[in-house]
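Note that subunit A is present in both complexes that follow, paired respectively with subunit B and with subunit C.
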Partner chain A sequence: MSMASTVCSQFRFDPARHGALAALVVILCFNLIVTPNFLHTQTLFVNISQVATIAIVAMGMTIVIATGGIDLSVGAIMALSGALAPLIFLSPFGLANPGLGLAAAIIIPILAALCCGIFNGVMVSYFNVQPIVATLIFFISGRGLAQVLTNGNLQTISNPSFSYLGTGKILGLPFQGWLVLAIALVLWWLVTRSMFGRQLLAVGGNERAARLSGIPVERVKIGAYVICAGLSGLAGLIVVAINSASDAARIGSLMELDAIAAAVVGGTLLQGGRAPIFGAILGAVIIQLVKYTLLANGVADEVALIAKAAIIIGAVYLQQGRRD
Partner chain B sequence: MTDLIEMSGIGKAFAGVVALRDASLAIRPGEVHAIIGQNGAGKSTLIKILTGVYRRDEGSVQMAGEDLTISTPREAQDAGISTIYQELSLVPLRSVTENVMMGYEPRTRLGLIDWKAAHARTREILARFGVEIDVTRQLGRYSTAIQQLVAIARAVSLDARLVIMDEATSSLDDQEIETLFSVVRELKKSGVAVLYISHFLSELYEICDRVTIMRDGRTVATHEVAQTTRLGLVSEMLGRDASEIAAAGQTALSGERSKPGATLLEVDGLGTRTGLRDVSFEIRKGEIVGLGGLLGSGRTESARAIFGLDKLLRGEVRHHAAPVIDTPARAIALGMGFLTEDRKADGIIPHMSVRENITLALLPRLRRFGAVDRARERELVQGYIDALQIKTSGMEQPIRELSGGNQQKVLLARWLALEPEILILDEPTRGVDVGAKFEIQSIIRNQVAKGLAVLLISSEFEELVEGADRIVVLQDGYSVTELQNPGITESALIGAMVHHHERLAS
Partner chain C sequence: MKRRFIVTTALAGALALGAGIAGAETPPLAQKERYKVGFSQMESNNPWRIAETKSFHDTAESCNWDLIATDAAGSAAKQVADVDSMIAQGIDVLFLPPREEKPLLPAVMKAKAAGIPVFLVDRSVDPNVAKAGEHFVAFLGSDFIDQGKRAAEWLIENFDGDKGVIVELEGTTGSSPANDRKKGFDDRIAEDDRFEIVASQTGDFARDLGRQVMETLLQAHPDVNVVYAHNDEMAIGAIQALELAGRKPGEDVTIVSIDGTRDALQAIIDGKMGVTVESSPFFGPLACEVMNKYAAGEEIPGWVQVEDRIFTQENAADHIDEAY
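Let's turn to the complex of A and B:
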């Protein structure tokens, strides 16, 4: 009782902090009134499976941005891991040992993604390359590598176990939704409770002070890029599982922009020092819902891009507006 | 005569913590007006309201009899109010010209920046201060003192009616301060008012006409400087009896001197790329070793080298328990702490709370299964907030909302929490008011009595002479001599710092 009353008395509407939540409510209300069949379970499932990949990558992006960096390579890493998976379980080894093949098809692509993350992190921390340039390397070469691996072919797959990643359901809700929730809880603990989280926010808040206080700045940064890349690899697998096909040219295309947008809408400061994990999910949901709203009401896809830009501008404006 | 600026009934609170209540300030045209008070008295807040950085909750601000509504620093500049902040707010990677002209660049007819005119104008402005430098070079390549003068030049160039100087002299040497004062007098002659904030009372008597005293967010009094006494000012500032202060006297670093113990650290023939050539000294348990020297003599550089921040080209640092200190993390693990000179750039993590700032260096010891032990953390932090009397609304308050002196106490707590063996203090009381200075000094003295070894760097001769057991004097990157207390006088120290020392040919 007293807990509830203190929470209520502490709550004041602050556009910078609650703006995204308010926007979500507005979009939901708009859809309830305008969009046909919005309150249909099918609509919910479509949106959850679409939003899951954006949310997973956006959470990783949030961690990287918290160090004051940025990761442009997330979409390309998705493509790389998405291309590797079918190659592995369609290989002679994978066909001969279905069980081992499936495990390898999930573990190896994610390991490959983690290696990309180590590369990004080492470039940024030890070689002092600007994050935008360092991650541009995989942004360009990662997708190329994926297309070379697959000879540019579309690979179709029909492996029910693997497809569970994309189409499975737990308690009637899509598996990816639960996955997002689980990842969010782990990352939230990491950011707010763990040593690594404290160090991460300190590096992003004031790198020189962090170094002077004995924080291993380089390792923390590498950790952030590795987490982001690993989550991107996982997102790549989910996209392949949903589509039952892998097209290296399209998986994760423009994902870096969606992820950055979701992180910013969710309240991440681009200069670093803050990592709102649930904010990133909220941002991803808003971006997905706007896309869906326009699509369901017959507005062209291109226009959705403009709407997305408008959301980002609004979010950045609210961030800037914060002052005493 | 109408006042140039009249602020009255100003109130301001941050997150429910009152910073100002019923504060007022009146500045006459063409006067040099000082404002003094302890940390947290509300000086900075009042000025930031005047310059549009903060919004006031209540009260009125008038300029030359008219209501003034300023909500951005730019609007303040356009109204003729220029500020030189305590912490420099310039862009070190851009040229001197760009820094002076920023936002007000002369344009060619095509709308591009007229660089020739810009450079010429910058040279002309700087010449008024007796500064002649290459204005096309990066600002960051010049000394702090030059950078400070550039900041002042910028303010003056904006044709200000009021120039606010917040601790403007804190990093200048005597000659540069003289230059600054002559500029202030010059400004006064041409009818520009100067609002002067300084912790040095002697400066106040040298150039100020009137003084406003603040305490606990209120304006206590305004006097003609000529009609005040130092003791009177200090007693009004602290809200204490004049006689009580007269009895206390001195700085709090001086006190019982215990016999120094075993050698903890030996520095032998250090040379670095940052300008050290041959620095040697040792630090023993339970003593304060001072580093004396002029700007650029290598004091901060020595501290950085010892703490594993800069690579050694020559020489070695021998710690009693380890042969090499190559990173700050290693130094910290060995029981060393380093309170840096530049609070904003090297010290605070602005978004983080007081709690998180205090335990930053202590994190490895608070680890429990990969997580931070929050119960122990809170208990520890509360202990230091109480012991150091840090003024905050609670340990969760972001450190950026604290006054300079309280931020400094938080940073001191960060290092004391390590229970260090050796603590390096680089200008520990710079930009801190008399009261907090006294407190910080006595905290340090207490720790030294318990066996802490301190390496003290201070530009205040008084602090060094009274505080240090020994003073190692540096000159151009060489340690030239060592003075032993008791018996060091300010003039002896200054003599050692400037006197030419013969060096052994090598």
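Let's turn to the complex of A and C:
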């Protein structure tokens, strides 16, 4: 009895943390009752493979938001890296050396993404450009660049080794699901256990105080944008690998909004200072499940956008309650 | 924005009135050796549009055109401006695929007022305001309703099962090809009791979204054995979704689609797709022919229908080399 009441009082005490979990439980229960064939392993696979890219980008976004910034360029960086990969292994070099070509097709796009991250970080930290404006530069030009590289053409590929990134399975679960887990563990360690993590949260919590106490604020911020951009680049490769096609106009379109929404629903404060990595995954899962639920029950895709907005409003409301 | 809308509408109205007074005939086209031809493409973000533009460039040589081609990059406003600049450059004839029905009306009216005959290509403008033979010479394009109907007829003829459970992947919500391809297919399939459309959702004409929507709908309706996609890109996405779920497209699920892209023909050769009804982007030769007839003073019908072929196992291999 007393245990139950403690649990109850905890729920009321910390709605920001338990609100998202409660929402997840509600959605799961709803699906079990209403959605046909929900309790099926294939449902799990489908949702894991669909949520992976959002979760990966949302984790990067969480790190950036923890510094008090925001990254609007994630979708465009996905498009850029997604456009680069097929260009590399369809080039004469890639066709002549399949192994090297494949390695280059994974490494070079991610390096390009990291460079975009450095640019974003330098703009924000050294040039004091507002994060929204600084990342708007790649938001606009990144996709343009991807389309110029490919002449706007859809590139179709057939490369089983590269497709493993999107369609492979380990122990019966999709490869990208394991990738999400691995990235989450590394980032969680980085945020909670490493020097960089402490500096990150300090910069986001109070930048002036952090600077005065000798934290290299500029480098920490650049690091955050680089991590976010690198993860976006990886997500872009996964999208291309699943589809065996790269469409520069569509890869990662509206991803910035999904990632920000997932981070916020997962309990990240937009003013910085918190980086709940697993919260971001939880947020991504909730958004994915809502989309899945509506679609599987025959509700039009457009309605899912409205539902997404409603979830964000709910999450922000809970955060407001938490601060009081 | 609102003010601009009012001004545009007023302008369109005034121009329509002016054109009406100026005469109900379309401007004549003199017969000469070389023509200065304008082609105002709306966007180049998919293989179909790219193939269409290329077709005009290829025709320019054989048809003695000095071709001025522009790309409005998905903006109706830019497309109107593109047409303005072509008029200023003194083109003899204009080929225009109007991105949207109403916003492109001023472009049609201005060209007419400048004495330039206009041919609409692959999409039309608001039929309540602009009429063939009066404001523009003719509309060259496919019958989208008929495309859907032919897809349905192939299915009715070639489906051996007792019960066809159909999932329909729709194109961009509200676009004329999506509306018409749905109407043509749904109306014809309703006449056969064996078939039932259990779900119909938009995949936005894109491979990635087509795949995700198919993955979800397949979970909700595991008994599905027919997929009808409004274009080949979504059909390819659906094939990937089916394969990931361990189904055998072509064997236990029949795929029916529209467009005739290279990937789709390959899928038909591989036995994964049943049929794709052509929606040809190769408008160049037809444009040349119709224009020469018009210059010779022949009567041009208001709607010059494009003959769309149908690709199945029998002929896919013969046509894959010419596909885009």
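For the reader, a short list of remarks on this structure follows.
Just so we're on the same page, the second predicted complex is superposed on the first by the 309 of 324 C-alpha atoms of A that agree within 3 Å, B and C clash if a C-alpha of one lies under 4 Å from a C-alpha of the other, contacts with A are read in each partner's own complex, and residues count from 1 in each chain.
The rule is simple: a residue touches a chain if its C-beta (ideal position, glycine included) is under 8 Å from a C-beta of that chain, and two chains touch if they have at least 3 such contacts.
Please read all numbers here as calculations on a predicted model, not as lab measurements.
Per the definitions stated earlier, placing subunit B and subunit C onto a shared subunit A by superposition produces no clash, and the two fit side by side. Of the two partner chains placed by superposition, only subunit C is touched by A:43; subunit B is not. When the two complexes are overlaid on their common chain A, residue A:210 makes contact with subunit B while staying clear of subunit C. In the superposition on chain A, A:292 contacts subunit C only, with no contact to subunit B. Applying the stated contact rule after C-alpha superposition, one finds that A:274 touches subunit B and leaves subunit C untouched.
A count of residues in subunit A touched by subunit B and by subunit C gives the higher number to C.
After overlaying the two complexes on the shared chain, residue contacts for A:198 are found with subunit B alone; subunit C is out of touch. Once the two complexes are overlaid on the shared chain, A:245 sits against subunit C while remaining clear of subunit B.
After the superposition on chain A, the angle subunit B-subunit A-subunit C between C-alpha centres rounds to 130°, nearest 10. Minimum C-alpha separation, subunit B to subunit C, in the superposed model: 22 Å. Subunit A contributes residues 189, 193-196, 198-199, 201-202, 205-206, 208-216, 273-274, 323-324 to its touches with subunit B in the complex. Of all residues in subunit B, those touching subunit A in their complex are 14, 54-55, 307, 309, 327-329, 331-333, 338, 340, 345-352, 356, 360-361, 363-364, 367, 370-372, 374, 414.
Contacts from subunit A toward subunit C in the complex involve residues 35-38, 40, 42-43, 45-46, 49-50, 147, 151-154, 156, 167, 239, 242-245, 247-251, 292, 295-298, 300-302.
By the touch rule above, subunit C contacts subunit A in their complex via residues 44-47, 50, 173, 199, 201-202, 204, 206-209, 211-213, 215-217, 219-222, 233, 236-237, 240, 244-246, 262-263.
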